[in-house]
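Letters A, B and C mark the chains in the order given here, with residues in each chain numbered from 1 onward.
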Amino acid sequence: MGTSPRAETQRPAEHSRARTAARLCLVVLLLFGTAFASVPVTAGDNVALFYVEPDEVDADPGETVTLEVVMSTHGGWSGEGVGDAALAVETDSDALIPVAIDPGPFLAGDGSDLEVRTNVDEENASAWISQKRVPAGDGATGTEPVATVTLAVAADAEPTSATVSIVGSQATLVSEIRQATMTREATVHVDGGEPDDASDDGSPEGVTLAEDEPPTGDDADAIPGFGHALAVGVLALVLTARYARTR
Amino acid sequence: MTRNDDSNATRERKPRQYRTNRRGFLSRAGAAAGLVAVTGCLAEDDGTDAVPAFPRVEDPPEAVYVPTHREAMRVLEPLEAGEYTLASMLSYPHPFWLVDGTETVPVEPDSDLGVHMMFTVWDEATGTVIPLDSGAEIRLERDGEPVGTPRLPWTMISQEMGVHFGDNVPLESFGTYTVEVSLPPLGVERTGALAGRFTDGGRATFEFDYDEAFVEEVVGGVEYLDEAVWGRSGALEPMDHAGHGDSQHHGDDHHHDDGHNHHGDTGGHAHAHVPFSALPASGDYPGTHLLTADGAYPQSGDATFVLTVLEAGSRFADERYLLVSPRTPYNRVPLADMALDVRLERDGTTVQRGPLEQTLDDEFGLHYGRALEDVEPGDELTLTVETPPQVARHQGYETAFLRMEPIELRVPELG
Amino acid sequence: MSLLERTDLSRRAYLRTAVAVGGAGALSACLERSGDDEIPRGTDDQRTLPGRQHAWNGVLERDDHGNVRPPEHHVLLALSLRGEPTTEDRETVESSLRTLERAFEWGASGLVFTVGYSHAYFERLGEPPAGVDLPAPTALTEREDPEVDEFDALVHLASDHASAVLAAEEALFGEVETLNGISVEVDLSSVFEREGALRRTGFVGPGLPAAETDLPAVPDAVPEDAPFFMGFRSGFRESQASEDRVTITEGPFAGGTTQHVSSMTLQLDVWFEQDSHAQRVAKLFSPEHADEGLVGEVGERLGDSSGLTSERIEATANDARRRGVVGHAQKAARAREDGQPLLLRRDFNTVDGDVPGLHFLSLQRTVEEFGRVREAMNGTDLAGSGVGTVLNNGILQYLFVDRRGNYLVPPRKHRALPPSAPTTE
């Protein structure tokens, strides 16, 4: 495998794409903590999880809030850990402005350096950080904070409930292979603000739930949703016809 | 442009090289000598790190359920392989489940390097997707050298992709790979416009780039669903490969009769129309449908069964014909390679009993059928699933269609 | 495995690599390493040797259950005639072969070998062999498109001593002056050309397949004690035809046999890393073997038979329907006649071309019988009734046939360039 110039591969494009991604991950109830003596065949997913801690916090106007982004990964299928990671956070309210983003201990390893690049974009209420462990060694696995985000609550903020979400996330194994990622957001209650109950308990787009099905009858097996033009972004389908080539 | 071969073309395959090279021998001889030293010091994992298990649905229902995520894949342009048309889809190596009788055997990749390679194979003329094991074979090459040994991918079902052939294919490094796919003649009973077709095999070759950009696409494109829906009864909607809307729905005009050649030089645009292997809706089957007492289509192991008795003299038999079409709920994916047995009883005595034959029809897709010599309204029909569908499963299908109870129905007035 | 056994295994693995490489260098490397300088000499007296070239079982070792233990090292030499065979050529061939018999005792501790002649050879003579149906090799499954052996003769050399097969090969082509202390005066080089690219080699024995895991296509999961790549013992007495059963009984070639050699690549990643042990047992033996744990890790629970009762053989179609899987052995055994297997299998593992494979060498009275057994193994009749064309239909998914050849192995007295209808004096 070619050793790509990873250190320089920070991709703003990545984040702008991620920014538009549907925010599907709300509450992720993963049960950590129990030590698995050996990993049996689980047929689970190989994925890196990023979540904000605490997932709910109260803050007053003018105050500064510090949240941790925790990263949790088992590493790759052949046991290799993560060598570099990047993430972008965004808030959905002018009341909450990121002012700093710093590395956490996740990627810091004995005898290796951490190459860090960060960017804080107050105007767009977002910030990103990219970190690379050099030398990567076996990479990092486990569950630990990977970044700390400092947010300033506007002095003139009205009571509101703001969401801090991870809009871009990337974990690359020491084998240079990316890991899929999963994220989970947090809520900051500014000045006692409550979330406006925009509860949507229907099925997410592109998913058919049994309870939404018509009762089994003559039309029981009509394929729901199928036949409608589906948003390409949701399908995350990459159609690249040109890859079939003449040999 | 693509290269298509048909089965009659003379094969040019690199013959197996029987002579091991001497250089290899010398280094391997050295390795053999060192063997004793090395094997002694293989350490065991201490297994103490508190790393979470891979995220997965805990205790999924014994039914079709919403998986944790939606896969992303790269869809390559369709190719002709003899009478077959095939499209390959590439994703990252991921877990799937094999079926052993009524049990599943989980398969996990042993490396992240590689691809999950999938093919949908279909008949362009009728739009019928080949939904059952037919012995498709793949060989990979890189720079003219074989990569690994050949493989016969599994027949698999997935909520997004329907029936396809697929396997995790480990690759050692980034590069451009050539894949040769060979499809043998079809072994299954064929009817309708498929009768007499696919008696020869076919072959096609394509290339793909396994590189950072690819991994970026397929890993970066994975989308985790709201955890609140993980494991709930339901399914992902089928992937619409070309944004064309409904695909294998009969009666729709999905043929390209305008002489437009979309296997050839379409110049790098997303033009792939890969049909989804959906069966016709239950209402599209002729004959007298057999429903449960409350008027629903019977279910077993979370599969829906369309059972219909066709009139004597149909395309299938001189006598009346029992057509059984088991499919997944929600997406109507055909369930292949099962063994079904039917028994008809009248006043407590068996009037007919025997196996159904797996059949592929252009109009009704994959089904299981049998002529009924003597059937009357009021007869008790028992359909026994001797073996559930022996097809491998993607996440969300691995707990369904395994323990399948017999279906008991009463034959209504026959039309 | 003890350290001693491991040391021994690394030595054996080294020797098998030497056999694969071949040639004088490998031979000398092998003589240095083998520690078996004392290989028993053979005989001058043809009358003490069996009349059948394929009469190996009488001299091969047997285990406690009476199963024949195949020799560890094998070489298949592909030979093409330089011209039309003459009487002089016949004498040359016969003397060359007698040199081998003088140098090495007939047996695994010395050397056993056969010489077979192909369809192409008899075409060259203008007449098919009298009383023997020897068709040109063809594809035997829908899936395969094999290369076919079109050279004239095939020599199968086998011994427990790597140096014996290597030295015999060298002697046959005049590359050495003495063979196990016997001087080599005549050799085949004036009569035959070696098809070097088609030289095939292999090995059988517990531990040897697992010693090949440094090859990328051989997974670490190959069991340490397995004698064959697919991880199980095979060749149980009750599953093998007797030498009598495979011997031609009539005509000038009576006392001979037919030989089918197919070379195949094995897909071991999927077999060991995806299938479970239970699935492997079900697919190789029968689902009942798996459900009842009859086999053990590598077949150690089996004695002189693979446990294929007539009930288990008859249950094949039922197993497909009820269990969704059928075993290879169970399927193949459907071709038995009067309860007797038709094939005497002398197959061996290979890593020719650096990929795991099998040279499936089988002896049977008629080539047609081989076809029949292979058809039973194909299980086309079972496809669609609970098992697929390939999937769960025995081990078809893991075998990729690259090459096939059919040979007539004449009785010893006609082994040297036989005419189509030799006269028996």
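Simple rule for what comes next: contacts are C-beta pairs under 8 Å (C-beta built on N, C-alpha and C of every residue); 3 or more make two chains touch, one makes a residue touch a chain.
Model, not experiment: these values are computed from the prediction.
*Asks:* Once you draw an edge for every pair of touching chains, what topology comes out, line, ring, star, complete or other?
*Replies:* Its topology is that of a line.
*Asks:* Which chains are joined by the largest number of contacting C-beta pairs?
*Replies:* A-B
*Asks:* When the C-alpha atoms of chain B and chain C are each averaged to a single point, how far apart are the two points in Å?
*Replies:* Inter-chain centre distance comes to 37 Å.
*Asks:* Measuring from the mean C-alpha position of chain A to the mean C-alpha position of chain C, what distance in angstrom results?
*Replies:* Roughly 58 Å, centre to centre.
*Asks:* Centroid of chain A to centroid of chain B, CA atoms only: how many Å?
*Replies:* Chain A and chain B have C-alpha centres separated by 32 Å.
*Asks:* Which residues belonging to chain B are in contact with no fewer than two other chains?
*Replies:* 107, 110
*Asks:* In the complex, go through chain B and note every residue touching chain C.
*Replies:* Checking each residue of chain B against chain C gives 11, 13, 15-20, 22, 24-25, 28-29, 31-33, 35-36, 39, 98-102, 105, 107, 110, 132-135, 137, 146, 148-152, 154-155, 167, 170, 172, 182, 184-185, 187-189, 201, 337-339, 341, 355, 357-358, 386-388, 390.
*Asks:* Would you mind writing out the residues of chain A in touch with chain B in their complex?
*Replies:* For chain A paired with chain B, touching residues are 1-2, 4, 14, 21-22, 24-39, 41-47, 49, 72-78, 80, 141-143, 170, 173, 175-183, 203-204, 206-213, 215-230, 232, 234-247.
*Asks:* Show which residues of chain B lie in contact with chain A when the two form their complex.
*Replies:* Those in contact with chain A are residues 1-3, 45, 47-56, 63, 66, 68-70, 72-77, 79, 92-97, 106-113, 173-174, 178, 205-209, 212, 215-229, 232-243, 245-246, 249, 266-272, 276, 278, 281-283, 295-297, 299, 304, 306, 327, 329-332, 395, 398.
*Asks:* For the complex, give me every residue of chain C touching chain B.
*Replies:* Touch residues, chain C against chain B: 3, 6-7, 9-10, 13-14, 17-18, 20-22, 25-26, 29, 142-143, 145, 147, 196-201, 211, 214, 216-217, 263, 265-270, 273-276, 278-279, 282, 287, 320-325, 351-357, 380, 383-392, 396-398, 400, 402-403.
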